[in-house]
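In what follows, subunit A forms one complex with subunit B and a second complex with subunit C.
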Partner chain A sequence: MADVKVGDKRDQVVIERVTRTHIVKYAGTSGDYNPLHHDDEFAQKAGYPSVFAHGMLSMGLTGRMLTDWFGAVALRKYGVRFTKQVFPGEQLTAHGEVTAIAEENGEKRAVVHVWTTNSAGETVVDGEAVAAV
Partner chain B sequence: MPDKEFTFPVDRTAIMLFARSVLDNRPEFTDPDSPEAKALGGVVAPPTFTWAGSHYEPNYNLDMTRPGWKPPSSSGGGSLGRGLHGEQHYEYFHPIHAGDTLNVTISPGNSWEKDGRRGGKLRFAENIYEYTNQDGVLCVRVRMVGVTTEKAVEQ
Partner chain C sequence: MAEPLITAETRAVIGVESDPVSHEVTRMGIRMFARAVGHTDRVYYDVDAARAAGYRDLPCPPGYLGTPVFDPELTDTTTSRRKAAPTMRTSRPLARRLAGGSTIEYLTDICAGDELVQRTAIASIEERDASLGQMLIVTTQSTFTNQDGTVVAVVQGTGIQY
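Let's look at the complex of A and B:
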């Protein structure tokens, strides 16, 4: 990892197709059983076209791009804004670009712009991570 | 004073299931016998795993099947159909291992309002989550921003 430098990029498909099964599975592991995420009738009554994925599912899937890149325990910070709902059928691609290299707490760290796009190329998650490299 | 404080025992199965649900099946998260996990002193938690602490959170309002469940107030956390997750920010200080017993505190942060085009008037409220292990070591801090919308967000 010593050779990580500003401008390094990564693009990774983190889920080929979001299904209701993926969403339900995440409801189970996270404990977030808000029916907006698994009950179409409820979601439609609330004004949405259908159920949609938990923001945290998109963040978790995006996290895999970071763990694949930097390793299991390298992250020091990881923060995102959820910019758009993710609906069943979409493919998500996580993107990363190193924007700075800094020395902090006696270790070399990479600052990474992190964002994830849906099948239409729209950004659904946008944020930043810091990883020890 | 935190709004809530509770104990979150972290077991290997919960980590494995969570890792699978975010499609991040690294040996460090799923296989205690792997050299990768052994090098870290056992299975560790994926970056966003602490969200699973909700299973142990008292009066958690996003699971209506839980005994004693009460709907979220429409003014505070937002009703189930109107509450959205705006932002989530993690700081990592120490790895969380399978077998840890975490003390979790949830404290209110800032709150503010904004007129949004797509969802009507938006109310934002922060919660700060801190996860401290059995040795008193702060492992993870999370700043969560929840949003309550007047209407469904236009697509």
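Let's look at the complex of A and C:
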């Protein structure tokens, strides 16, 4: 990874179509059983068109772009804001762009702007990662 | 302008540390999480592949910090809510909550077999009037300490209540 430089980019489809099954799988693995994420009736009463994915599911899906790029344990920091709900049927594409290279704790690190867009091109996750390179 | 949600009683919970929550980092938990978010790298599934790549055991995928150890005396079996979590009192009850974001700082590697203890405190509470109406932005900070007493991760979470 020694050749990583500012301006390097990556775009990766991290899920072709979000389904309720994906959302339920994430609920099971995370233990987050908020009914907004699996009970359509509950979600509609709360004013949403349907259930939607956990923000942490979008973060985890986006994380795959980072580990495919930098390796499984290269991340030193990974933070995002959930900027828009992700509904069943959407495709998500994760994007990354190296914005800085820095030396910290005796290792070379890349600072990466990370964001994920839905089928309509709207940003659903936006943040930054720091990876050892 | 509606009455402010934040009262002196609301602010009283800032900095109060929760009871520690144990998390087990297990191979099964890592495989389930990796599968749920679509990882295809074998290091998350195959111990030999993980060791060949230089890891102690299956490494945690981003976003996974072990599975909280379930205790029926501490956690509601249906909602998964902690029964003893400090209650944040506002001027009127807030029924809804959404996750606003999360930042994980990794201080060292975390692999299957590790046992982590999470300690959480509310770091800040802010009130805003936005698309959802009157709402609170609650930031929490959690530290995760492993079996050797080493802090392995610090997580800042942002929650929205309205």
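In this text, the second predicted complex is superposed on the first by the 133 of 133 C-alpha atoms of A that agree within 3 Å, B and C clash if a C-alpha of one lies under 4 Å from a C-alpha of the other, contacts with A are read in each partner's own complex, and residues count from 1 in each chain.
Definition applied: a contact is a pair of C-beta atoms (placed from the backbone, for glycine too) under 8 Å apart; a residue touches a chain by one contact, two chains touch by 3 or more.
For clarity, every value in this text was computed on a predicted model and none was experimentally measured.
After superposition onto subunit A, the partners subunit B and subunit C occupy overlapping space and clash.
In the superposed model, A:42 makes contact with subunit B only, not with subunit C. When the shared chain is aligned, subunit B and subunit C each come close enough to touch A:32.
When the two complexes are overlaid on their common chain A, residue A:101 makes contact with neither subunit B nor subunit C.
Once chain A of one complex is fitted onto chain A of the other, the partner contacts of A:4 are absent, as it touches neither subunit B nor subunit C. Once the two complexes are laid over each other on the shared chain, residue contacts for A:77 go to subunit B and to subunit C alike. Looking at the shared chain after the overlay, A:59 reaches both subunit B and subunit C. Residues 14-15, 22, 25-26, 28-34, 36, 46, 54-57, 59-61, 63-64, 66-67, 72-73, 75-82, 127 of subunit A contact both subunit B in one complex and subunit C in the other.
Residue ranges on subunit B touching subunit A, taken from their complex, read 14, 17-18, 20-24, 26, 28-29, 36, 40, 44, 46-48, 51-55, 57, 60, 62-65, 80-92, 95, 143, 151-153, 155.
Partner subunit C is touched in their complex by these residues of subunit A: 14-15, 22, 25-26, 28-34, 36, 46, 54-57, 59-61, 63-64, 66-68, 72-73, 75-82, 127.
Against subunit A, the residues of subunit C that register as touching in their complex are 29, 32-33, 35-39, 41, 43-44, 53, 55, 59, 61-64, 67-68, 70, 78-80, 96-106, 109, 156, 158.
The touching residues of subunit A, when paired with subunit B in their complex, are 14-15, 22, 25-26, 28-36, 42-43, 45-49, 54-57, 59-61, 63-64, 66-67, 72-73, 75-82, 85, 127.
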